[in-house]
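This report concerns only the one structure given below.
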Amino acid sequence: MPQSDASQPLLRARGVRKIFPGTIALDGVDFSLQAGEVHALLGENGAGKSTLIKCLTGAYRRDDGDILLEGASIDPKGTLDAQAYGIGTVYQEVNLLPNLSVAENLSLGHQPTRFGMISGRRMNADAREVLAQYGLDIDVTRNLDSYSVAVQQVIAIARAVTLSGKVLILDEPTASLDSHEVKMLFDVVRSLKQRGLGIVFISHFLDQIFEISDRLTVLRNGQLVGTEVTAEIDRVKLINMMLGRELEQEVRSHGKHHAAAGEPRLSFTGFGRKGSIEPFDLSIHAGEVVGVAGLLGSGRTETAEVLFGVAQHDSGEARQDGTVLSLTNSRQAISAGFGFCPEDRKTDGVIADLTVRENIALALQAGIGWMRRIPDREQKAMANDYIRKLDIRTPDAEKPVGLLSGGNQQKVMLARWLVTNPSFLILDEPTRGIDVGAHAEIIRLIEELCAQGMSLLVISSELDELVAYSHRVIVVRDRQHVAELAGYEITTDNMVRAIAAPEREAVH
Amino acid sequence: MTGLKLFSRRILPQLVTLAVVVGLISIMFPGFFEISIANGRLYGSPIDILNRGAPVALLAIGMTLVIATGGIDLSVGAVMAICGAMAAWGITEGYGLGLTLLMALAAGLACGLWNGLLVAVLGIQPIVATLILMVAGRGIAQLITEGAILTFNHEGLIFFGSGSLFTIPTPIIIAIVTGALVTLIVRRSALGMLIEAIGINLRASTLAGVNTRVLLIAVYMASGLCAALAGVIAAADIRGADANNAGLWLELDAILAVVIGGTSLLGGRFSLIASLIGALIIQAVNTGILLSGFPPEFNLIIKAGIILIILVLQSPTIRTMVIFLSPAPVSQADTEKQAVNQ
Amino acid sequence: AQTVGFSQIGSESGWRAAETTLTLQQAKERGIDLKFADAQQKQENQIKALRSFIAQGVDAILIAPVVATGWDSVLEEAKEAEIPVILLDRMVDSSDDLYLTAVGSDLVHEGSVAGQWLVDELGGKDCNVVELQGTTGSSPAIDRKNGFEQAIEGHANIKLIRSQTGDFTRTKGKEVMESFLKAEDGGKNICALYAHNDDMAVGAIQAIKEAGLKPGEDILVVSIDAVPDIFQAMAAGEANATVELTPNMAGPAFDALAAYMKDGTMPPKFIQTESKLYTQADDPQAVYEQKKDLGY
Amino acid sequence: MNARLLPLLATLVIFLVAYAICYAQYPAMLSTRVIGNLLTDNAFLGIVAVGMTFVIISGGIDLSVGSVIAFSGVFIAVMLRDTGLHPVVVFALLLTLTTLFGAAMGGVIHFLEMPPFIVTLAGMFLARGMAYVLSIDSVPITHEFYEVLQRSYWLMPGKGRLTLIGGMMLIVFIAGIMLAHRTRFGTNVYAVGGGVQTARLMGVPVGRTTVGIYALSGFLAGLAGIVFSIYTSAGYSLATVGVELDAIAAVVIGGTLLTGGSGFVAGTLIGVLIMGLIQTYIIFDGTLSSWWTKILIGMLLFAFIVLQKGLVWTTGKRRMAGG
């Protein structure tokens, strides 16, 4: 009989192994979670964090090893089983159903019923109440897909929390949240901790790890590196554990102080689209990085989509080197030398069943046209080049990209556009879900690209990061471009001040 | 791994299935493999399978491309009827062979264009978009033949149905040449990859700059063209255009061929060769049933049974089990599949 | 003018197209306003059509029922609405007070005419017969098979060795015949072919020729319907006999209807059309010329 | 108003407008007779379309239903002819059989991970093959209980009849609507249609749901078979060929997406009525040749779908679709 003394771990994994063709994703990993603790799980992209979670909850069948809940061996066959054991999980990438309403997503599987019939009114009321705890006041009867990734992420978290009686597992829950939402989430996590739940928390944001976790476990290449008490470890040592080497230089905010001069390469005047983004003016020089900051749903993604012609603009005009540019669909944008790395890589980005090589070659090939196929050898060379440059963790270029870890998929997306050698590249949350090592890598890359004369528009929720590489920063609020910071004005504080609208302060 | 090895692994299940089906028939009917030459033309049951299978094989070529984009084309049977009727009408009206063929093929292309426009421009779901032509198409064909079987005696046109080149029946040649040509075009150019990309993730492909609209229209037109070829063959074979029955329910056979060929109905990776083998398997089953001498009431049951067995043997679950049980090294485990998109 | 509803099965064969053409022609000659409804081979569509005719209040209804069963309740509705119904070319198994009359041929009889011809032609010689059936389950297929079997019963010299469905179509007729030929020693085993309609026979004749045999000599060909194309084959010596099913069912039907409307004359319950046997002796080329423009 | 209801509303509007047009041309179209016919004649189609709606919402397809209806008719007729069983007992037997048949297909689809299109295609061949084996002749049903069933109708003013089977269809629709929107099973069906993998990760019992969906479709196909046998008082192995396509068309016209995940049972009812209306209109017209009938049905189908798309497109807020 499991006795619940303090030394008895709540959830324990012993010698978990998981082998994928060509990859040993987990190699005898031990992991233990105490009741009432927040336990961080860390590691590079592809280290095996998500795989461990999926093995714990039965979403993958593990090849070896035991799982014990309160000392008793359990063998969940799937999420449903795991839920029955009181384990609630938010998997990496939002895993909710876009075609169901928000309330249905929240209550799926445990809807309130009367006489066997679902009570819609109660379901909606419950949903509103739950979301209110996260500061979300939205129409819960609308379909999930009418909300942004961030809102969806909050809903996914809310759902997992309501389902977790004993254990809550969060796989990169904060990747698409801004600091405001993160704070809210942490409040919830703390109160759950208080109630004695064990919480597994995966994130690439070290600050968040240090803020919320009690202990942490590091994985590398599917192997356990070690478990430490968070308070007893410092940043450098942690990065060392994750990478197995020193990180030459972590991103530090230093700011670009020389503004680009001369005629802008691209200028958009009065550009906008009714119902999604108010008309705005924007100009970008060669070799310039323009950052975009803003809260969730403020209209950053809309800005990018209107620029790239994904959503047609209905006012304003665009000029490239002085000549008017027609931007009514993405193909026109591409032929004008644009590139766009979308935020929602699952639905807008990767072609899951195609190989890494094909995914990287896709945009270039589409630009050349179907008739002149890029020879296999060239494609391979291209792919291998970027696999090396961006350190994409894959056994080879012929692996279907859907089988890569989240962060590595993101890198493939980046590579797809880099091979087209665009003159203007739009990156929507390029570092989302990317580990510290690669994070530094990508920021170095952005700097390198702009040094080569590429113009970049980078949307990011990480203000530090924006400070690091932007020449100018545009702040978006309520679907409007409200401020532009340049040179020495670009500081986190200034941005926060511009983002926080007066009305918004009143609400919260 | 080399491309050739990968390729043979890809079509191995289909080849084995074909071999088993043919093996079963030859046990039941020992004279099966006897091939002779009659009237300057190869003659024998295996030739029948190839010859009778040619229309479905042609349909399967176009259908493979359509299905790879995540679509489906229910209209091919009706398009066969339209183009057959067109050919018969043209030849009886005295337009000459060349012009007649041109008109028939153009009709097929036009049908494909219509389907493509509905799917790619109006955004109507493929199964419904092509259902419209499936219903109306037979009417159009009858409009051309005025409901009767339009019989013709033009030797040039008949050649496409029952003629032969170097003793090989023309339909077989047409199917093989079309198959080879399309494979070449699709795999030597980037078309294949782009079609697959569309089938896997239309939105992402559009965002990557793929001209999804034009490509979608093109695959439906290709399907229309293949159906036109099949329609001309079918009409030439019986020296008449039977608007009501030409190609009736063949769309189901074509889809079945594609699925037996291992292409997912959800779109994505495709193999034309495997689809062609799939078409042969279906025709082998049909011919086998005819040779067996069972009363016709049992035709459907036998066919259903065989299809089920084939599909069960090819199903991912069973394959995983086989791989699991066999001592050979794990190659393409299917845990992979389920994890895509997570 | 009178309004008459006509529920036709469909247009699955040349014969039926001809029947439709002739019915329209006959109606026009008599100044009848014919409402035509095509049921696309589906009984449910025919029932719908009948109900709509009743709702519309037509004066009479012609129907070529796709199947014999299942007409009771809709015929009763017509009767309640006092609309006379005449059946064309196929029968129903409802009680005969539900319809005015039926015009058609006896399908079993057709089969036996074909069988009898074969019996006479062979005169006691041994003969293996292959049969191309119509669509499995359709009443012509069942009845024509039965009729033929009745006729050859007791003639030990005639053996039915293979029987498959050719779905009443040329394509399938040809395909099935091809496999018959392969299965029976390249056709050397077969002495006669009986096809449930001419279309299948025409397809099969091609298969026989392609196998290097002479249809009409090496293999006797007898079929049913008497559509123009079979007369061409007969003229070329490739087919031997066919049994006529006249497409003009509407003529007698309209006559009976007119008499009934005029003074309530009740026609007989079954007006049988002739099942005439045509052989090569009947100058097939002439018959062809005469039939070819009837809309077959 | 909820944006999700938009396609449903669009369909309803189109139906009403179409009916008004028909009425303007043929006033008799608005008689209770025609309305009664519309319900009675399409009863079996409506019932089977309810099952199809669930299948399609789940992202699947069921091609076997037409054959299952035919099989049901033959099964009932043969059982009544050859055994002394009461029709109610035969009904129970039949429904068990078809439900199990559906469940079996669902099982194959789920456990062997095979595409529904193909599994149910094999099911279609099998069911019709079984019907042939039972009897290739059409078999009349003469049981007096059938007479009772056929004669139970409510005579509406104007001589139209609301028959038992027409009423049955309406009841099935109401039950279907409740099942889809007010039960966990219903939500699970939508969930599976939204994405099998995701649904599984969210804890939806995908296997049980899939089997349940096809079992339901099988059950309703059996019920439609009973209704069809009452309608025609016979069993015939060649009956209802292609009804699966009619059912799919009705479901889609009713606003359900074939890609799964969204749609309405109530929309299907309107879809069925629209299909019935098209046919009634063509019969009332009565001048079309066989081929023009087909062409017109195709064109009307096209018109309805385009109209519906247009309505939804102009009224609803468009979400960006790319390209």
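Some points to look at:
Here the chain labels run A, B, C and D in written order, and each chain numbers its own residues starting at 1.
By our rule, contacts are C-beta pairs under 8 Å (C-beta built on N, C-alpha and C of every residue); 3 or more make two chains touch, one makes a residue touch a chain.
Note that this is a predicted model, so its numbers are computed, not measured.
Across B-D and A-B, it is B-D that has more C-beta pairs touching. For the pair chain B and chain D, the distance between C-alpha centroids works out to 29 Å. Here the CA centre of chain A is 43 Å from the CA centre of chain B. If you average the Cα atoms of chain A and of chain C, the two centres end up 71 Å apart.
Computed from the mean C-alpha positions, the centre of chain B lies at a distance of 34 Å from the centre of chain C. Chain contacts: chain C has residues 10-11, 17, 20, 136 touching two or more partner chains.
Those residues of chain A in touch with two or more other chains are numbered 59, 91, 95, 310, 330-331. Residue positions 132, 136, 201, 289-291, 293-294, 322-323 of chain D each touch two or more of the other chains. Taken pair by pair, the chains that touch are A-B, A-D, B-C, B-D, C-D. Within the complex, the chain B residues that touch chain C are 29, 31, 38-39, 41, 43-45, 48, 52, 142, 146-149, 151, 162, 234, 237-240, 242, 244-246, 248, 287, 290-291, 293, 295-297, 299. For chain D in complex with chain C, the residues that touch the partner chain are 26, 28, 31, 33-34, 37, 40-41, 44-45, 132, 136-140, 150, 228, 231-242, 276, 279-280, 282-284, 286-291, 293-294.
For chain A in complex with chain D, the residues that touch the partner chain are 59, 78-80, 82-83, 89, 91, 95-101, 104-105, 108-109, 111, 113, 116-118, 120, 141-143, 145-146, 159, 163, 275, 305, 310-311, 329-331. Residues 188-191, 193-194, 196-197, 200-201, 203-211, 215, 268-269, 330-333, 335-336, 339-342 of chain B are the ones touching chain A in the complex.
Interface of chain C with chain B (complex): residues 10-14, 17-18, 20-21, 133, 136, 162-165, 167-171, 174-176, 178-180, 182-183, 185, 199, 202-203, 206, 210-212, 229, 295-296.
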